[in-house]
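Order as written gives the chain letters A, B, C and D; numbering starts at 1 within each chain.
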Amino acid sequence: MIRFDSDYIEGCHPKILEALAKTNMEQTPGYGKDKHCAHARELIREACNAPDADIHFLVGGTQTNTTVIAAILRPWEGVIAADTGHINCHETGAIESTGHKVLPLPHANGKLTAEQIEKCVYALRHDGNYEHIVQPGMVYISQPTEYGTMYSKTELQAISEVCRAAGLPLFLDGARLGYGLAADGTLSLPDYAELCDVFYIGGTKVGFLFGEAVVITNDALKKDFRNMIKQRGGMLAKGRLLGIQYEVMFENGLYLEVSRNAVAQARKIRAALLEMGIPLAYDSPTNQLFPILTRAQYAELGKTFELGAWDISGGEADIFRICTSWATTEANADALIAAIRTL
Amino acid sequence: MIRFDSDYIEGCHPKILEALAKTNMEQTPGYGKDKHCAHARELIREACNAPDADIHFLVGGTQTNTTVIAAILRPWEGVIAADTGHINCHETGAIESTGHKVLPLPHANGKLTAEQIEKCVYALRHDGNYEHIVQPGMVYISQPTEYGTMYSKTELQAISEVCRAAGLPLFLDGARLGYGLAADGTLSLPDYAELCDVFYIGGTKVGFLFGEAVVITNDALKKDFRNMIKQRGGMLAKGRLLGIQYEVMFENGLYLEVSRNAVAQARKIRAALLEMGIPLAYDSPTNQLFPILTRAQYAELGKTFELGAWDISGGEADIFRICTSWATTEANADALIAAIRTL
Amino acid sequence: MIRFDSDYIEGCHPKILEALAKTNMEQTPGYGKDKHCAHARELIREACNAPDADIHFLVGGTQTNTTVIAAILRPWEGVIAADTGHINCHETGAIESTGHKVLPLPHANGKLTAEQIEKCVYALRHDGNYEHIVQPGMVYISQPTEYGTMYSKTELQAISEVCRAAGLPLFLDGARLGYGLAADGTLSLPDYAELCDVFYIGGTKVGFLFGEAVVITNDALKKDFRNMIKQRGGMLAKGRLLGIQYEVMFENGLYLEVSRNAVAQARKIRAALLEMGIPLAYDSPTNQLFPILTRAQYAELGKTFELGAWDISGGEADIFRICTSWATTEANADALIAAIRTL
Amino acid sequence: MIRFDSDYIEGCHPKILEALAKTNMEQTPGYGKDKHCAHARELIREACNAPDADIHFLVGGTQTNTTVIAAILRPWEGVIAADTGHINCHETGAIESTGHKVLPLPHANGKLTAEQIEKCVYALRHDGNYEHIVQPGMVYISQPTEYGTMYSKTELQAISEVCRAAGLPLFLDGARLGYGLAADGTLSLPDYAELCDVFYIGGTKVGFLFGEAVVITNDALKKDFRNMIKQRGGMLAKGRLLGIQYEVMFENGLYLEVSRNAVAQARKIRAALLEMGIPLAYDSPTNQLFPILTRAQYAELGKTFELGAWDISGGEADIFRICTSWATTEANADALIAAIRTL
């Protein structure tokens, strides 16, 4: 079986393993206070054109979302998110476990609009029951979204403006940010640093063993964030493992390079699907594709390929997920394309 | 102005004040360990035909909901509720503040169906991402609902069966239970005790100064509930104040008697609204009415009567709430009816 | 049996019952937005000489402590308190249930010193493991303390200075503040308002049915406090019940008057104990006395009087608590004194 | 500088890197559902002689402690621990952040006794204020302790008995368990599995990149533990990284072998310290040593060696920590010994 069901099915980019091997017997202090983390922080600040940003390394996405959100909100506040947002759907109530309600808004292709957010905030703040309802304390969006779609620069600017006008920090979940950077050349890391108050540059799904780099540009959110990481179990004892991985990926543009492979393979597969008249539930420019396959089509593809079951209605056709990644080989992508063409 | 905007606009039934005055200088132990609480517990056990039930007295509804729900759920579980449920809408995220997600299902006139609950539980338990989603740990319903509507005995039996089959405790929020008992003679306190695992008999909105009596019939939920009350700030030092009020209300059927007045007045007002062709957003048999009034109609009524603003769209007509209560006088109800008839 | 075991064994001052009866059928909005609460807030602001203070009414002490502390602290912070502090000992972990550690310091007669606090803050902030330990976010003291003792004006000023220098809000638990005001004429309400960032004027133990009035003088702590109250289940639907009680107690100095009775009776009993050579575990100038009684002495007194069991070692002598209150009659105090004199 | 300040200053055992490289491009499902995790679980079950145990892999110690404790306790319960316990001192209030109080008991050389626990539980359960104090819900101990000391088999059996008699799950923090196994041949993994309800076999400090293997033998604690891991941010997407590491360490007894090196080097250093008359604050048979060094001694050693600052009083002598590990070379240990001999 060749797996296309997610973007975390292999280990990591070989250069990361090399770096880990090379540095293995170095002696360094723990908890991210080593020289590799320091260097990686510098590389990220440069890549983001954000010399004053605070950079923190965490292990995984749910951990990062929970830590950032719980650090920002006051006890009676909630976080606005798309109803399809990862924090609302697939984190076992991690946000609620920190005491906060997720305030879900209906998505369109996984996205929110600036207008939606503005109206929601206005409505909540002007409700006659102001004190009886959860007030918004921040906004959470994913880029790319859980549906592989992207906020355009214009859309992101509009959301950023609305958030700043409302005094709400904007937090961008970049678990797959590399694939977003590869897919949309108009949005760069400095744009994210400028438009968001805090965001993260995902590693786990983009060729790392694990790792998420949180970039905090809003000064008000910086104080004691490391205490928060520690409290929430996210401070890796051998923190350098994170620093080393980000060094490898950000020293020579490798992060973008491996991301481009994923997007290129996905574009080819997408073309084949469309050629065959297979509809896409949402049209994604990134590394995730959501074809609607009939039972027969899935039965055929499923002989050789592991696809993700996305939305299985039990009817005649269902939505599946095809993920490419940094690790997708030309050969595997071509094999899938060939199989699609026989459908 | 004559207020019809809620059912907690007056103090309490005069007999409660009399009892408080009469017992005022008695010396009793605190925290609900006095003879009045003991007696009130007995009266409630008898009224519920539930000799083994544990009875606890709390001060208010949000406090009661939070205490019961947090006592039942395991950390990774959530509570199924109608999206219109009080815990989902009007408690400032109190449930989430205890670490738990509310799992909202779409309501019909404020109600859930047994089938909805069954399907939801099945779907959550059989989801491929079982461990990544919030699992249901209990079911919350309100009777009467926030829309004044009632679960019939058949509907409640069906929900109870589904919950028991699924191993989910059923918790019934009875903040206005008196008005429900007065409106639907087929459902009695023993029915609630039999069909629910825990429910409460609301006092605050039914003629008490304050107070909610929690009835726990499921043995598994009884242990250390008083510790939970104390931790959540709900253990009244002079706990006898609660016992005395429940004694007054349950010694001679006064609870049902005062509830009947509210329902009777509401029925008359409802008839007048329908006579005048004023539509009701949801047809409630209890003490809450939800007429849809045009701007002109509201302007006219608003000269003399304070109504509740329920759903104000800013259009030509809005939904208002008219509440009667234990305290609604014949004269005030008649005055409102007369005004309605002039619209 | 005549009870001296606590100061919440009777109902309330008769004038409160009168006021409740007189206002009973008034129609007012809920949740503390009525005219009685507004008036009571004005009376308290005047009494505190704090025209800009925010005043909130809650029902009980644990609820108040939890709400204030959880509203102030950031998630990774804790609250410094005496190890004997109510929040550390007798609230079933209510503070921890909001996610925060109590940082206990060893008490002396129930009190902390400014020096202790200063040293503790310095040590925690300069610890090599800064991020691995709970940082202090505020200071909690009780006045009078749980041992009936009092911070002098000089001591309180010193603590206030240390807290302000460290940027830590000072929160004073005044569950028995009336008895403190009656016992120490040098400390007035305006002093507390000036020296603390937030404190409360206890009602439950000082002649109210229930009620605690939170006074917030630090502007930074004012925002959305009502949302916090609601979330934590402390917003009484018929909020006027609190306003009316504070009106009665603060309109004509009744709060201080009833407190003086408690202190006067306690002074007499204290004198009798000392006359008889009965040692006091801590010498309290307020309404609580802590005599060390032999088994024989307790057996004798216990025939007629209910005393509080404070620290029962099982040895030859134990510490008991004698509480007077607003309700202690001359006759009962004299009866106790007579009994003491026979020991 | 040669570092002896902690046991997480290098990367990992070279065989782990080899295995990661060898398996790097394998495609596996995520979240620990891969064949390596399955195999590692089997190896651990065998090593523990616990065929029915549930085995879960987490990333770090604080995360593991928090997840296990929050999964076991009911909201009003706390966890008994030594006051020196990691959860009480060095996890930034992580336990409290889940809503639970740590109930600290005074340690002796980092340890508790069965008698202490029994007395504490008795006292809490029989307190007149039962409902006002935090009730114990489990017991936490570390083996080896934070002071490097060990519970003997007899001591651990006694604690286990007391816990079972009291109905309290016993949780053993084995962050350094390998070093404990190497130091005390009378206590084996099957003993821990038999005597504890849940414990973990630490990897991070024993030659892994990271990783802690939780062993749950008490059936009542097994349900939905993976949901709990996910909610608390501990479910690694590429979970196989944990499985692979435990495979390497448990396939050929490597875990014990690397642990033995640490203990052997520590024994040699300990002998040199004692030879030179340097006192040990606590005498540890494991990989941590706590010499009391004068300023002059520390100044001398500090030229070449990084020691841990353990308890710095600012006086003439302080307590330092010397850690050996799986990675300590004979050469480095000998260099330190030579330096000690010059003091």
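Note that contacts are C-beta pairs under 8 Å (C-beta built on N, C-alpha and C of every residue); 3 or more make two chains touch, one makes a residue touch a chain.
Bear in mind the structure is a predicted one, so any value in this text is a computation, not a measurement.
Novice: Under the stated touch rule, with subunit C ignored, which chains end up grouped together?
Specialist: Once subunit C is set aside, the chains that still touch form a single connected piece.
Novice: With centres defined as the mean of C-alpha atoms, identify the chain lying farthest from subunit A.
Specialist: Measuring from the centre of subunit A, the most distant chain centre belongs to C.
Novice: If you average the CA atoms of subunit C and of subunit D, how many Å lie between those two points?
Specialist: 42
Novice: Distance-wise, how many Å sit between the C-alpha centres of subunit A and subunit C, to the nearest whole number?
Specialist: Their C-alpha centroids are separated by 50 Å.
Novice: What's the distance between the Cα centroids of subunit B and subunit C, rounded to whole Å?
Specialist: 33
Novice: Quick check: what residues of subunit D touch more than one other chain, meaning two or more?
Specialist: 75-76, 91-93, 97-99, 131-132, 227-228, 230-231, 235 - these are the residues of subunit D that touch more than one other chain.
Novice: Where on subunit D is subunit C touching in the complex?
Specialist: 75-76, 78, 89-93, 96-102, 128-129, 131-134, 309
Novice: Hey, which residues of subunit A end up touching subunit D in the complex?
Specialist: Those residues of subunit A that touch subunit D are 1-3, 5-6, 8-12, 14, 17, 20-21, 23-30, 59-64, 66-67, 91-94, 97, 204-205, 209-210, 227, 230-238, 240-241, 327.
Novice: Flag every residue of subunit B that touches subunit D in the complex, lowest number first.
Specialist: 31, 70-71, 74-76, 98-99, 130-132, 135, 224, 226-231, 235
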